[in-house]
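Right after this note come the structures.
In the two complexes that follow, chain A is the common piece, with chain B as its partner first and chain C second.
Coming up: the complex of A and B.
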């Protein structure tokens, strides 16, 4: 009996002890949580930095507790401020982490309540233990974006290609567009993407088997501006693909045009040389590396295409490739012959074998195999997008790639890599096939900087679009592109390959056309369209001389004059102003004292960062000059002309002075033309 | 006594664990990038200042050679020492003319924000020539 009771007591004692331990664990765990000591550190740091007794007391009274921001629209709670207590505390400007004040950004300090922390930085908002919150473990659901790639966070909401104040992200996105990633990978808002790769339906009459061999082996060895990546093809695959490409039928009209062009007599190379430099081909192309580089290098073009093809293409590039960025120049038959004669004589690969442009005799079996290779390798994604559209995208979807857990990424053979998403993505870009045998992504030869930018852009791709409340307002509106005859001319000369209209257009030109009608004098524009000349001597990219005939130039200028205007720019800024406001002498004095000649040339001296102003009144409308002087950045956000904060009177006087500048050369030219 | 110790033991264990976790060295960064502000400042410098002051601040930007007086070498150690941040901010804001210098340096106070000006100054400070 006594023994039993003793035993019972012992059981009771042990159970209660266990119970006590269990009970103690939870508060103890809480008591020793890292954040509590962080908060205590913060308290003493704050007290030591406080400028007044009251402030010190406020720090002292701070309770030790979980802090959080509730993001209703995102259905998320961010507890990051539990440890990062100083993010909005100016006294913590240079404090050590985690107490430091958050740097000023477009969203800090204003948007902390609305955006919390994880909207930009990612990470596990609910967690209050560091590895979980920061997602540094491979299993972490939402790893934080490392600082070096932080602009990826901007990209979660800002989905446009260009994001202001996020130059790395913008560069990464531009590189992705140029490389054509979206042709093989589905990415939200790029569903309409079309690769700029040329259609291959005339390649059999354009070039020879040897050239195709060389190109397929390594495109950038043939043309340094090539956007086609290296597919590391087997010699057998190259052979088969070449036979397949030569077996493809050529559309009848193009074949006829090429045949007709081939039969024409050769032009005069010396005249062609003049036309070539006049036409400003290097505003897009390069010749031995000199030029813009958004279009192919031309120094060996005659060893990649037959003269007949070149001639037919030059006359109507848009018939060969409906989405090409190349404009259709207004060369006469003889002028295009001269141009091709020059190109054929000079732009050759003198090391290439003579038969580089020899066609091959098609072997049907090889061609059949080549056709299979063409779809196996995904060539159709870029070169035959119609076929590509019907099927699934060739590569895996990239939406959500920025939110992947490291543990869900297949590192394959790459045991050398750090187990985190940026390292994985960078290695995928640098050496895509090193992960496993049989992978099909080609290599693009990106350098380290490009890779960094592209990884940033990739990390910005979330799996879901952000809620409406977080989408930034559209900047600017897509300005209308007129249809009819004017629209056809804008298409023909591919104005949007270089210029911007509203939110559309290329980035080669510095002159958006959105307000062009309010900006330039109509007569000047007619002359400029017919014979464009240098406005900014420092720029390599200049407006090509399209040889636009007068009737077309008038049509375009009139359309620009009526379409692309801003109603807030006055036609006559001097209307209703007192006489002294029109005083050009006072304006000239201002021109000197403000230091305008630091950037502009009038007469002899001056800098040349801005356009010379010698012929201002011939070129610009007074209303525009006035509106520009009042607020240059309003018309082009990134323009470097500083806002001098001029009074109306000063701006008008300066306008009056610039209105007296006719410029002998330009004046004579305009006079002569009329 | 022994029992009391047993009861407290788990607390020590937990403490030891948390302590260890807190003390574990965090992963070293690949390379410490310049601060966010300096990077923004560099971008602003590239856009607005570099054309005259040059990439290294030596006053050899491409627009400089037509200018008389020449832009100042702002990477010069003596210059950097002489000018306080507020001196630099003032000349950026009000331009050369505002500070009694050449008007060819335009005033940026209405084009750049206060924060941008401060960032540019942070970046300009990194241009200081290392002592020869």
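Coming up: the complex of A and C.
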């Protein structure tokens, strides 16, 4: 009995001890957490770097504790600063990680409290342990954006296509628009996206069966500027689709226009050549690779479209495709005939068989199958979008693709890939169908740089819309496009295909029209619209000669003069300024010392990077010159003209000097004074 | 030596009104006093006044009921602090799991203790029932307590199931989706039961709130009530029954 009780006590003592040890494990783990030693390291590092005793004491007094930034509007807590204590500490400028000072950016150090860390870098803000915080495990909730794709972080808030200081992101987004990703994939703020793919309702009278075969097999082999991707179609599918396309009825008015055009006599190719170069077609199109490349390559166009179709299209492109970027020129009947004669004579594929433009006899069974293939392959997404039904897209939604974790991505057969989202996205772009059998995404043939840019743009797509408080201010208000006669002219000449107005428009022209009314003189503009000439010879893209009649030019110039003005640009910059500010001689001296000559031509000499300034007084308004000189980059971020930080007086003097330049004679006069 | 010097103090302490209100009996080691200690204490009086020595042996019950009870106590003890850190709302619930992991001192330990104790409780409750079954302890006079035991098992399982949803992760969501879909398959009333359980037609914030209230209030209170009856019946039925072959006679003796 006594012995038993002693043994029991021993067992009790030992198990109690074991129990205590087990209980101590958790508090011990708690005490030895990584961030505590990191903070102690920071403390000693700070003390060794402190410039004063007081600063050193401040480091010493720092308690070891979890630090966090609470982002109320984002409903997020970032504890990254628990380990990265030096992000806003200038004394930690070149300290080793994780203590180092954050490099200066548009948002650091100013916005740390407002934006935290995960707004840009992603990762798990709540976490206080490294693998989870950085999201390096496959199960990690939100992996950090790798540095190579960091601009994706900018795109989480900056949802516009162009984001200043984020060129990679902007390029990726532009590529996505061009490739038409949004036609098949739903992405927030692109609900209204409409692909630029042409409607196919006139294709049966435009081209032949052989050409459609070649095109469907590989569009980029036919036209290097093609935006249509390669669908890797089976020969059977190509045959069926061709029959289907030829079975589609042509709208009556277009059919009549084409028929009429085909019956017209051929024009004069030599005159057509002149018109072709004068009309600046290669500001958008390419001919054998030369040109802007935003419109189709033309060097083989006569082997893809019949002369009658080309002629009818040239006369009214917008009747064929209401959203085409091609302007409607004011060619006379004869001029358009000449132009088509030149194109059909010169721009043909001499290796192509004769029957490339021969229509085919439609087989109804094949056409029926082709119709099914057309919807099965999703062709309608780009070529026949159903208006108003933007919610049902052919492909999966892409919102939130940038926040996916590797574990929720289907790598399928691609066991060769690194298990992270960028690798998955890049492989999807390079070889979309390699993941599993039956996938339908076509290949776009992006090169490595394009893929990198597009992956950056994709990683910027978050699942949640940007909260009100974090929406960046719109860069430039979306200037209105007037209605009525002026609006119709802007539509007709497709000004927005090349020029930007506010946030809309293409980027072929270097001159946005948003403030054009404050910039140029009305009379000069009327002349320029009627007969546009080269302003900057260094640029390949030039304003086409639309042959705008005088009344239309006046209407447009007046509208620009009254609509597209910036109230911050003074009408008369010299108003209320003392006399010495108007001194053109001082201004000329500045012109020489600042080296303006390097880029601009005045009189006989000067560089040709910038526009010549010879006729400045008749072209530009003084208020604009002054506003430009004060801050050239305010009007376009990528302007190369240096911002010299001129004082008001210097800017005015330079304005006064430029205001004396009236063509060659006047330039010589001022020069003569010297 | 010490006891001698403390004797007057102890006498004074035992004489105070407060002490006599809490401990209402003397200290003498008599049978009567021992009985009084049990009778006059709410917590002790559910237990038999006398326990046979052989029922304390491990092989008699394998302590399975005791381990189950210990788990229940541990679950309450860890569950209450967990309630301090948990919000039964959709945006917060899962984040609170993360907070336990990342910020709360010993949070992972607390949560894991709760989780493993819950698993163990279900496991030992089943073993306990098997032990009772194979020892024939469900036979009269213990037939009523067997039924109480079955109710307790169901309450335990419901506690385990309702707790499963609370982390609000994918596992929880789909686990409860599947579970409530099974309830729907019941004839006639299936749909109604599912609607009642979820407070809607899908696993949503209403379901989370319902499961939370069930898990933290309704079911624990039910467990407590039935546990009290269970222990009281053990005492009334003559204490725990072990293997029936050598103890058969003693049951009849003890049976009231």
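We take it that the second predicted complex is superposed on the first by the 613 of 674 C-alpha atoms of A that agree within 3 Å, B and C clash if a C-alpha of one lies under 4 Å from a C-alpha of the other, contacts with A are read in each partner's own complex, and residues count from 1 in each chain.
Operating definition for what follows: a residue touches a chain if its C-beta (ideal position, glycine included) is under 8 Å from a C-beta of that chain, and two chains touch if they have at least 3 such contacts.
Please read all numbers here as calculations on a predicted model, not as lab measurements.
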{"item": "Which superposed partner A:334 touches (first chain B, second chain C, both, neither)", "value": "neither"}
{"item": "Which of chain B and chain C A:126 touches, first, second, both or neither", "value": "second"}
{"item": "Chain B versus chain C as contact partner of A:607, first or second or both or neither", "value": "first"}
{"item": "Touching partner for A:277 - first (chain B), second (chain C), both, neither", "value": "neither"}
{"item": "First (chain B), second (chain C), both or neither touched by A:640", "value": "first"}
{"item": "Per-residue touch tally on chain A - higher for chain B or for chain C", "value": "B"}
{"item": "Chain B/chain C common contact set on chain A", "value": "129"}
{"item": "Contact footprint of chain C on chain A as seen in their complex", "value": "26-27, 30, 66, 75, 79, 124, 126-129, 132"}
{"item": "Contact set on chain C toward chain A in their complex", "value": "91, 95, 98-99, 102-103, 105-106, 108-109"}
{"item": "Residues of chain B defined as touching chain A within the complex", "value": "3, 6-7, 10-11, 14-15, 18-19, 21-22, 26-27, 29-30, 33, 35-37, 40, 43, 47-48, 51-52, 62-63, 66-68, 95-97, 102-111, 115"}
{"item": "Interfacial residue positions of chain A with respect to chain B in the complex", "value": "13, 17, 20-21, 24-25, 28-29, 32-34, 37, 103-105, 129-131, 136, 147-148, 150, 165, 167, 538, 592-595, 597-599, 605-609, 632-633, 638, 640, 642-645"}
